[in-house]
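In the two complexes below, chain A is the common chain; its partner is chain B in one and chain C in the other.
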Partner chain A sequence: MGLLCSKNRHYTEADAEENSQAAEIERRIEQETKAEKHIQKLLVLGAGESGKSTIFKQIKLLFQTGFDDAELRSYISVIHANIYQTIKILYDGSKEFAQNDADSSKYVLSSENKVIGEKLSEIGSQLDYPCLNRELAHEIETLWKDSAIQETYVRGNELQVPDCAHYFMENLQRLSDANYIPTKEDVLYARVRTTGVVEIQFSPVGKNKKSGEVYRLFDVGGQRNERRKWIHLFEGVTAVIFCAAISDYDQIEDEQKNRMMESKELFDWVLKQPCFEKTSFMLFLNKFDIFETKVLKVPLNVCEWFKDYQPVSTGKQEIEHAYEFVKKKFEELYFQSTAPDRVDRVFKIYRTTALDQKLVKKTFKLVDETLRRRNLFEAGLL
Partner chain B sequence: MGVLVFGKCRQLSLVNWSKKAITRKWKRWRFVGENEDTAVFFPSKDLSKSTLFPYLVLHFTLCHENEELQHQFLYLIGYQKTMASCAIDGGCPSDYVAVVTAICSMILLILKSSFPFLIHKVPRAKGSSFWIPVIQVIASFNFLLSIVMSGNFLKYRKSHWWLSCYVWGVWVEGPLGFGLLMSCRIAQVFQLYYVFVKRRLPPIRSHIFLPLILLPWIAGAAFIHGKKPLNYRCHLETYWIIPVVCLHASYVAVLVGFTGAIRHIEFRFDELRDLWQGILVSASLIGVWVSAFILNEVHDDISWLQVASRFILLIVASILVPVFFSISISQPLLSQISLRKREPLEFKTMGQALGIPDSGLLLQREQAVVIDPNEPLDKLLLNKNFRRSFMAFADSCLAGESVHFFEEVHELGKIPIDDPVRRIYMARHIINKYIIAGAAMEVNISHRIRQEILTTTDLTRPVLFTNALNELMQLMKMNLGKDYWSSLYFIKFKEEASMRSNGHEMEQMTGYFSPRLSSVHATDDPFQHDHISRGSSQDIHDSYPQ
Partner chain C sequence: MPMFQPSKRDGFVVAGFDGSGDGQVLDLDTAVKDGVLGGVVGGEVIAAAVGEKLDLKKMIEELDIPEIPSVFICPISLEPMQDPVTLCTGQTYERSNILKWFNLGHYTCPTTMQELWDDSITPNRTLYHLIYTWFSQKYSLMKKRSEDVQGRVSEHLEALKKVKGQARIQALKELKQVVAAHAAARKTVVDEGGVSVISSLLGPFTSHAVGSEAIGILVNLELDSESKTNLMQPTTISLMVDMLNEGSVETRINCTRLMEKLMEEKEFRSESISSHRLLVGLMRLLKDKRHSNGILPGLSFLRSICLHKQVRSLIVSIGAVSQLVELLPALEPDCLELALFILDTLSALPEGKVALKDCANTIPNMVRLLMRVSESCTQYALSILWSVCKLAPEECSSVALEAGLAAKLLLVIQSGCNPVLKQRSAELLKLCSLNYTDTIFISKCKLTRTIQ
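And then the complex of A and B:
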């Protein structure tokens, strides 16, 4: 009998400990679930090279700790890789145009520059790029200044030359310095194709203040193979920031597809997703800086979607007119692709240049206000 | 059954007899009398003993619309039913047995084809590797159904156009049944021929090639439909049989030709055996069908022969259709799974299936090396333990396809250059899984490099995937590399490495915390799945967390 009693007592103690552990776990789960509910999930979507990761970097710079020295240094290899890849694309492109184009003579390099070109093309196809030193930088600069390469650069829209090309080529001396540390601007210009998903959590009022919303921002890859991964992120999204590079209206994607058309179809697909029934949409019409230069030289109606565009004037007026036309097209697309039961969801369009930190900060503040107002409306407080 | 049709030739039904056929038949009937549009015959002495038609009244109508007689239509307007009329109408007990056998055969075929997907949850492949077997299953179903519907197994009124002999006996049996089956098999052999003999991907995609080789069947069916040589029992006249059999046999001959061209290849997944099996099956079917036809035509008054011949035809077709089906050609790895295998399948990688040494194994005896983040990533990835850890991290960020691709290309590199067959298997597997647009684990490479691989003239080239690998290494270095060093996966990897090595110094952690993970705490990470606890076997079809 005594043994039985002592056994029961032992059992009760172990049981009680287990119960208290379980209760603690429950409490923590409840706490975390409650915390999770206040975190707003934002997705940055868009076609390849539309500026998603640049927006992502800007958010990190604006609302998180930014980039420390180690992170800045980690971009050196990326920037050097961009330079080698760009010059290779341009050199290979000039060779292709020299062979196939009707007016091939303007794409033919001088014999000395051909030697440099072959060398740099070989470097560009290697797995590991050499560190960009003065000598290599000088060779790249020489090749960049060749008229054949400049002519090829003019047709960069056919070769998918990255937008950072001009910026980096004009700063070669600085970038090849032995003690070079990238600036924030260099980091924003650096082109890294995103694969998979990257996530950060931030609050627009700063982490030290408690009254602001907390956002969890997801950046994704924009190429076709990356898009099939997006579906894993579609649940519980507060807002989608869709980036569309409006300067892409004359850019040719793989298989001769126009990039603006690709962006249009992608936006249409995203709008129709069942998970986004109540999701707010923030459309960032990005790369306005490139757009405003290009639209005066290349007519908007080279893009099939904009074939009914008629220019009205020149200069700034024309830029504004062209921008408003593009904006209207996206608005029309939004309403065509939105079912009647979804018209209540928030839809805003913003003109952005992802490289411009002030503009991005201002834009994001507006986004934040819109989302806070929406939350208050849904809570019945507005 | 009584097919009662009255009236003018505009209201024709499906029961047509050509004059020549009925002339031959008239010898068995004693003409009694006729008026303007009706002729009455009584059975001749021989037929009077027949249990089929005690009497026969034929309604004989001319088409007055044309000057010349184009067709003379005879309408069977009545006859007395007898017990043995199931030979004509269908519904004999043996007919039901044959139909049930056909149904069981189809169920078996569907199970055989869907077993890997249902039981082992293997994800669906893309492209022709999936669609050709599916079309084969559909064609098998069409073929069996056409035999049932046009062979008078069941009693039903053929009063609608979609129940006519021409729909089932011509279109469904030909272009949608036997013809489609043979065309699928020829398309598969065509692929094998190009891949293993020419060592390149086929120049014509399957979705274009298949309709092309189906064209003769469609043309033949349209021609027969136009000429309307079928009788009310869905039988062709004798002189029509020769071209029809020739069409069937020609496709078997083409299959034999292609199979002969690849017979010297040492296939590893029973493709050749399945091909010869398919040829035997299709030849046998044609033989049985011709035999049944001849017996029916010669002795169409012998009811038991009619019933027996169609019974044998359907039974043989039901047995041979599942035997004909094979997925070894389109999806060789899936063909390793069968309904007979009971053990829980440790799903094989292509590398394991090809016998590549150490494929998919995490060998415990591998040296524990100190991992230096400054080393090039491609060198670090050669260490299997590190590769597993990096792969788990990449999978957790939905970016694992690059690492999987690296691993399988690395395995391809282990196959000797003088073993082209295995190299081709592995190369084809890698292309189907990683390179083709829309593939299960399509990697993020440029269009130019993708096209270089897809248009290569030699699948055995050692440098086939080098450019793609270089591009992906750049992507991994710039994207995943720096995030990995500050991730929990690397921490765990180091712990495991130090446990294995017992005495090696712990690698010092440097740098910052990864922006891939939540900046608050790791449990916020929505992708925190249990990849760290993955063991030595890697399911190659396990793409991303669901």
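And then the complex of A and C:
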């Protein structure tokens, strides 16, 4: 009997050890799964350059610790790159217009500036950009101020001049300083194509510091390839924040495609995905600040989707009217793309200017309220 | 044994009770007013009306104040005492509570834990008077305050101009209560420019909490033309549409009623209501099985919307037709008339006719409603049947006749309805009979259970 006992004991000891470890792991998994359930997941989607990453940065600035020195510095090369890219696009564009446009004379630069232009264009086409020093900055500024370049800039929508162009060009002195450290605003304007998936976790803690909801925000960036294959991984997200840059109505993409139409198609596609059957949709009609100024100069009906637009007045009233028109178009699209059984999912439209921190904060407060009410509703408490 | 001497000076308090002996004699009212016992806020005294015998129990219940002076509280129940009695130890309790204590077999004083050497319980008349007077004064104050509706309204409106966040929501809630309870309050709000104060709170970043309270107030007020125009701005309408989609049933009904009021303005542009979200939200209100009180205001609003031609097509496109048809059997007569009017209006559109025809229950429901509720209902139902049958005579006639249409039409023709209706019925009867031989048709005209 003793032998039997000891044999059993030996067996059970090792086993017990394993069992307790396994139990510990099980317990931890259960704990984390529980915790995960309370984290609301938000997916940011949208066409390229619609402002997704800017929203991302804003959330980071608002609800996390913002950017530390090292992170700020990491943006210096990005900002310099943006500047070189921009001036190159403008210079090359001016040459193209000078050749092809009927009114070519206004796109012709002065001979000194042509030299600068060639040089900068050459730099811009390299893989590595030189650091932006005083000298280069001065040359860029000179070129920027040339009337031909300014004329070209007016037609920026045909060349895909990035939105940060004006801001960076106006701040060249500061940006080229030897001890330059980017400000928060500079970082928000900086443009870099997002690759892969970026995520941050945050909690919008209110004034009374009560423990609020925990959100995890995902940005999948400009990934277009095989979108249909990975989108279903986001099934079960609480909400999709879809960014659409409404100022893009006159922007023409590479293959002569209008950016607004691309946005429209993408929105349509996302709405129809089975994985988002019960997901709330928050539509951010972004870049309102650019839209405001543009809509008074460039009529909305240059965009195919808005071709039935009729202006009614001028100034602020007209801006509001135009905005309402665009908003209605998106609403219409939403209901056309939404099957009857999905009509009950939350759908709200927000007017945003992603670069304005205060506005983003206010907007997000509303989004938070809506999602919380939705939770209460689904729990049967409302 | 020390005897408790009943106070000879009933209703009077000797200041300096604890032995410091000031010797000043105050009457009860003054004592309470001056805050000898504490708890009197603001020091306002309204002498209890002479002859008014307020019931202490009732007052305690109605007042529900948290800060009652501790000497008024029974140590056993922690409630204010209505019949205070004192034991030989000098401790005072509520009579019923201490008696219960004794009945359980205890002969000790609950707070001092001393064994009682005397089982007598003496009514503490002094304390009773104090309690009574204190509560009476509080009660009169409360009553006066609640009658001072104007004052409260002004107070809340002033608050709204300054505060934010939770305080703002609280002020709105209280104002809403006052406005709901007193007609005078409504007038005061309007007179003191409250409408623009509240309207200014409604903007693109208004939270649901604030918006729902604000709308709850505005909907009960008389709004002048300027205020209504102000509320018709796209952002405000958009906010109301949001709340129509997400709010509680009360909020949704308020939004519905308010938007309908705004539509009465001649400046109203139909573009504002020509919104998918608005119509979908409205239909959801109508279909809400848990809350049937939304149906009447919802239908009323939808009817007003229908009067605008441009929006009719949109209403049909969101599938409202079949949804309304499905609702019909459960509706009350006043709602039925509205619903039928809407469907009749929509039947004028080609897409409306198609939608009506495609809905399987249109014809049976319409047939059932003929001569059932009122002449207007019969008129609308008839008109709808006419539209549908004209669109697809063969298909619809057979369905209609199976549902007992013929007999109903005969009823109309033989009734005291107006001649136009009778004429219509005759025409419809003829239309339906075209595909049948006489004998078969006559058999279909027989009164069936459908009618009874």
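The rule we apply is simple: the second predicted complex is superposed on the first by the 360 of 382 C-alpha atoms of A that agree within 3 Å, B and C clash if a C-alpha of one lies under 4 Å from a C-alpha of the other, contacts with A are read in each partner's own complex, and residues count from 1 in each chain.
In this text, contacts are C-beta pairs under 8 Å (C-beta built on N, C-alpha and C of every residue); 3 or more make two chains touch, one makes a residue touch a chain.
Quantities reported herein were computed from a predicted structural model and do not represent experimental measurements.
Visitor: Just chain B (first), just chain C (second), both, or neither: which does A:V192 touch?
Guide: A:V192 contacts chain B only, not chain C.
Visitor: According to the stated criteria, A:E112 is in contact with first (chain B), second (chain C), both, or neither; which is it?
Guide: The answer is neither, since A:E112 touches no partner chain.
Visitor: Which partner chains sit in contact with A:K328 here, chain B, chain C, both or neither? Use first/second/both/neither.
Guide: Only chain C is touched by A:K328; chain B is not.
Visitor: Looking only at chain A, is it chain B or chain C that touches more of its residues?
Guide: Partner touching more chain A residues in the overlay: B.
Visitor: Quick check for you: in the superposed arrangement, does A:V343 touch first (chain B), second (chain C), both or neither?
Guide: second
Visitor: Identify the partner contact of A:K60: answer first if only chain B is touched, second if only chain C is, both if each is, neither if none is.
Guide: The first partner, chain B, only.
Visitor: For A:D268, is the partner it touches chain B (first), chain C (second), both, or none of the two (neither)?
Guide: neither
Visitor: What residues on chain A does chain C touch that chain B touches too?
Guide: Correct list for chain A: none, the interfaces share no residue.
Visitor: List the residues on chain C that touch chain A in their complex, please.
Guide: 165-166, 204-205, 207-209, 234, 238, 242, 245-246, 248, 271, 274-277, 280, 284, 318-319
Visitor: If you look only at chain A, which of its residues touch chain B in the complex?
Guide: Those residues of chain A that touch chain B are 32, 36, 39, 60, 64, 68, 70-71, 74, 77-78, 81, 125-128, 192-202, 216, 221, 223-226, 228-229, 232-233, 254-255.
Visitor: Show which residues of chain B lie in contact with chain A when the two form their complex.
Guide: Those residues of chain B that touch chain A are 376, 378, 394, 397-402, 437, 442-444, 446-447, 467, 469-470, 473-480, 482-483, 510-512, 515-520, 523-527, 544-545.
Visitor: For the complex, which residues does chain A have touching chain C?
Guide: 207-208, 320, 324, 328, 331-332, 334-335, 340, 343-344, 346-349, 351, 362-363, 365-366, 369-370, 373-374, 382
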